[in-house]
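Working notes, beginning with the structure itself.
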């Protein structure tokens, strides 16, 4: 029989205001095996823990039940306290009487009754608890960063700075991400390239960092500290080590009509290309969809002119296996393609562009060499209309858009408007907004400058229709403050399209077993207190893959994720979860039902000798669980018909004891 | 009109309408898109707001409700699925259901016709404007 | 057929291919047939029997027998071969230690049905062209086969042998329109109250003799959870209606996706509870929700509860029986 | 001392630790109430829920059992809820086949972010079970006090 | 290929051309349009109010008739199509309306939205196929620049009508290509022509339809096609473009198929 101590936490008034804590302590003191029962104001406080430790010592407790907040909050705290007193931490169970009782019930009698029942269930479970010992697993001292945008770059640099190896896997031929496409940055208006490219060079030169460019994560196995990742290096038909990045091939390639995604397809590039001048690694790649040689076997110009002999038309995808202790998702975003918003004419009028397209049209390295020209006729636009919130802030039932605010559009639109007015004072710029959202250091001041100093026309209202007629974009819009419908003859319309997570993120999340919200943003372990960790151990989040962010926020979060990774990699051993599956060989039939449902391949079989009747020996196939690999989901326990497979800490009998206690009432 | 009577009327309109007016985020895209804007005294985003504020009488008395073209453009383009055209119809229905409030009377019709006018125009006018 | 089987058994014993034969042996009466292991030619000549009362599925005995020294010969009817395959899939029997001979089966007679027809004192039975000739101490009787055939044979799903080393007779074919789900459908069409009454009537007769479990070729656990005092659900004799519910639901669930629908459970139930209707419900649901699956047909196939599809039906949508 | 006692159902909710239990915590911190009749048992994953637990609950007098787990595709253990879904689909269909009211069992996918859904689901379920009344068909009478 | 066909009132009188040419073309394409034995006016405008039942009944009768004949229901007039398709959607999704309508109608078998409603254009695209249509064209309208006018009712509300992208549709343009002409794409093609207020407020109707035709003309159109009798009337009468003929799409179809 266990000797159980019960501790009821008041949580200040959080619990005690609704639950009669004294009555609960009294009621539970009569439960079988309970030798001590008390209540205390804050069990999680230092003095609360001392109270518990003293009781363990004085009453020789073998089990502890704390009736308090959610075990997700303080289970670890109480288990640690018990351990300090020599009690096995897994002899502690929590009854959640805050989130599940006091916070949701108003009637004191009802709440007190429920608290007693939950306490009883925890006591019933503790009766069957067994001391568990956590195993240890080693930590591979290398991190993987998925995505080489500014988020991934910053995370990798910070981890490398601490002396750990980092690999960056980037699906494009170069790192740099979206920031490389941006012209100027708010609120300081410094050039994105000036601040980004030095960082890219740092990455390239850092011995601890290895870049897998034009590569994708193919499969992830293992668990925190011990991930095994397959990386697909896509064939770029250029030998990375040989290419010097001279760029001669990209000038001589006869296939000139390849849309250039770096410039948002506003111009063309060759079939062999280096995405942009500052690319890292500065290695060419061949676009197999357009290369005449790869398609027809005739051409070979690039190969002929390459002095380094770097061209390899036979190159195949290559799979690299690497081991990591931690993985950071930095998969970033894309602007929503506004082809479902053709009331604005995006699909039919070339002069209706997205904000990122405008970035390229204003960038010195862009298709117009930095001169703002209309894509349709390459003339200078005089009237520009900006439309905010295209695809953002939509109703959940709206299938075209996203329910969230994309956060960055108000600021970059102010930036665009300001830059255009500064460079081309002869333009009129209208911004149609629902709200202008500028919470950030120096952000509202920035927006006010656009209005007051640069004379940008901010109009509270929306655009309803854009009609192209005789070279003009006839914009029909509302001005809610004047109550008018406006008709503006514009030369260009710029759509501030919603930010959406990169399409690859969903598949990566599945591989990482990291959870996502309905918008395909990665979910953090705790919205406030653990914002850069995924609920899955060893998986960290950096940048917009977790939610819309501007550059300063992305960089902060990237460094925060790096700090978490460093904390993990600094450890030599990780304590495993001791609540793992266990097979009773005497009962096991060796039928393989459990193996089929194990997501981790933690179950293996071997033939073992057993004593049969009359001194015979019988050989039987039985399952065993690799405790370092098992994560303790319990799928196997239900697949097992004989009940040989059970889960420590959540055994069949423990759960049934809880069921019995709850149903007894 | 007493407060209660007004509340009943609002409730009736909201029932016919079947959408939650509080979904509106006041972006004004409905009004931006409305082809009948010039003919109206109140505009689609105002319809929503006025119903939310309980000002249905003002709305019911306004000629604006008869100018809606039922082109569904505001419904289609609303980012919040507020469907202003439905609300306008709900108000119209509430008005024509009140005796003697038919907006279009049969005796007025012949004067409006020409030889090419399709039946559709007359039928729809009756459907929309009378009980 | 019996002669051919006996001949092969003697040959295989004789040439040392096998050292034992698993077959059927006559009891006190010709219809009282029991599975038996024959170790010598004499025993085979003396006791070996194969007739239209040999319904017992021999495959389960191989769980123990195949682990013994030397190879054993087993005779398998088509439906037994499914159980045989399933046991191989679950590593419960050791294939190398078995020599399996498939034997034809056209359905077995139900002695109780014969008795109900007034046919007693049976000394022999033969089938020809869908008619049984029954030899009795009172003389020969003839009766249409379908009138006295075991229920499970009337809805036989397959006359095909899916596993064997050697065949006596033809390989046989899967029966396409076996109507084995007719009764399940009938129950599904009832109201929940009617269904409840039906099952109360049936399951309340259970005496927890465990015959169904003991005969079931899918129930081969080293120790059944219901016999294990540490499982928390072990039970003694049935005292209360719920016990049978719990036992039979869990048993059916444990064999779900593994039951080959051999029908042994219902055959041996002394209380004549139609236990196969539970298993068939699971089989039908699996077929409906997750695509046709026949346990034992292919030992390589993944069982329905050991796999999933991302767009599987939701429990709330599965709807159960339609009223 | 008691006058006519209204029926208060006993409801057992099995919640996976990563999503639904966290969803319940969120419902708690957002003060989104649901009846005290619901008692939660924490399991690591919905795939830990053995049909035996569900039958046991009914045997011991529960009037309704609900299992809540991560949304399909979001399982912390990758695939646990997919297996759980198949198991519960078959089990519930079987219970229905035995004439046990289908409404007494329910499966919901509730994420850690869906506190409101947790509360709404529990409120609905309690209403459903209250309307159904006491579980008589699966209860083991000996377990009654 | 046999369909039930709901012509609607206008197509029996002022909009005869729309109907006649469709029937002739259908025959040439091997499509049988079997007019429903009894049909009533659909009401010409979809009653949006949730609590309106009576005005939905005639559409439900037509839908139920098609269901009983085990056929899909084909419409031609944009207004009829809009009304019938939206009412059908109510009968699929709104339990309250389903209950009240069925209580009222007392059909032998209650109607629950079983019928599939198709516009004749959808028959051409999804059943006949534009490629197939192209093969049957004997008199391609080569060199013609045709502007498709969708108006409101074919496309919106898009969730229910589900015919095409409501802001950038292609079905009529693809049709125009199939009959050998060149489509003219212009932004006003899905903006309202003001047809419904043509009695009440002719000034407004003029402004709207004029804006539509101006935009089409500016893009070089020589002809405008539509599927709606009211749009046709309004654009012709109030559009202010005598230079720009407005015709039913079925007329051009018949012409291309050589059955005009």
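Assorted remarks:
The chains carry the letters A, B, C, D and E, assigned in the order they are written, with residues numbered from 1 in each.
Heads up, the rule we're going with is that contacts are C-beta pairs under 8 Å (C-beta built on N, C-alpha and C of every residue); 3 or more make two chains touch, one makes a residue touch a chain.
These numbers were taken from a predicted model, which means no experiment stands behind them.
Contacts with chain B and chain C are shared by A. Placing every chain at the mean of its C-alpha atoms, the farthest one from chain D is found to be E.
Ranked by distance of CA centroids from chain A, the top chain is C.
Among the pairs A-D and A-B, the greater number of C-beta contacts is found at A-D. Taking each chain's centre as the mean of its C-alpha atoms, chain C lies 63 Å from chain E.
Between chain B and chain D the centroid-to-centroid distance comes to 46 Å (mean Cα coordinates, whole Å). Centre-to-centre separation of chain B and chain E, using mean CA positions: 24 Å.
Between the Cα centres of chain A and chain C there is a gap of 53 Å. In chain D, the residues that reach two or more other chains under the touch definition are 51-52, 56, 73, 79, 83, 87. Multi-chain contact residues of chain C (touching two or more other chains): 225, 233, 305. Residues of chain B in contact with two or more other chains: 38, 73.
Looking at which chains touch one another, you get A-B, A-C, A-D, A-E, B-E, C-D.
Within the complex formed with chain E, the residues of chain A that make contact are 339-343, 345, 347-349, 399, 465-470.
Note for the complex: chain C touches chain A at residues 67, 89-92, 220-225, 228, 230-233, 254-255, 302-303, 305-307. On chain B, the positions that touch chain E within their shared complex are 15-18, 35-36, 38-39, 66-67, 69-73, 75-76, 85-86, 89-90, 93, 104, 112, 114, 116-125, 127-129.
Taken together, the chain B residues at the contact with chain A in this complex read 23, 25-34, 37-38, 43, 45, 73, 77, 79-82.
Those residues of chain D lying in contact with chain C across their complex are 51-52, 55-56, 59, 72-73, 79, 82-83, 85-102, 105-107, 137-142.
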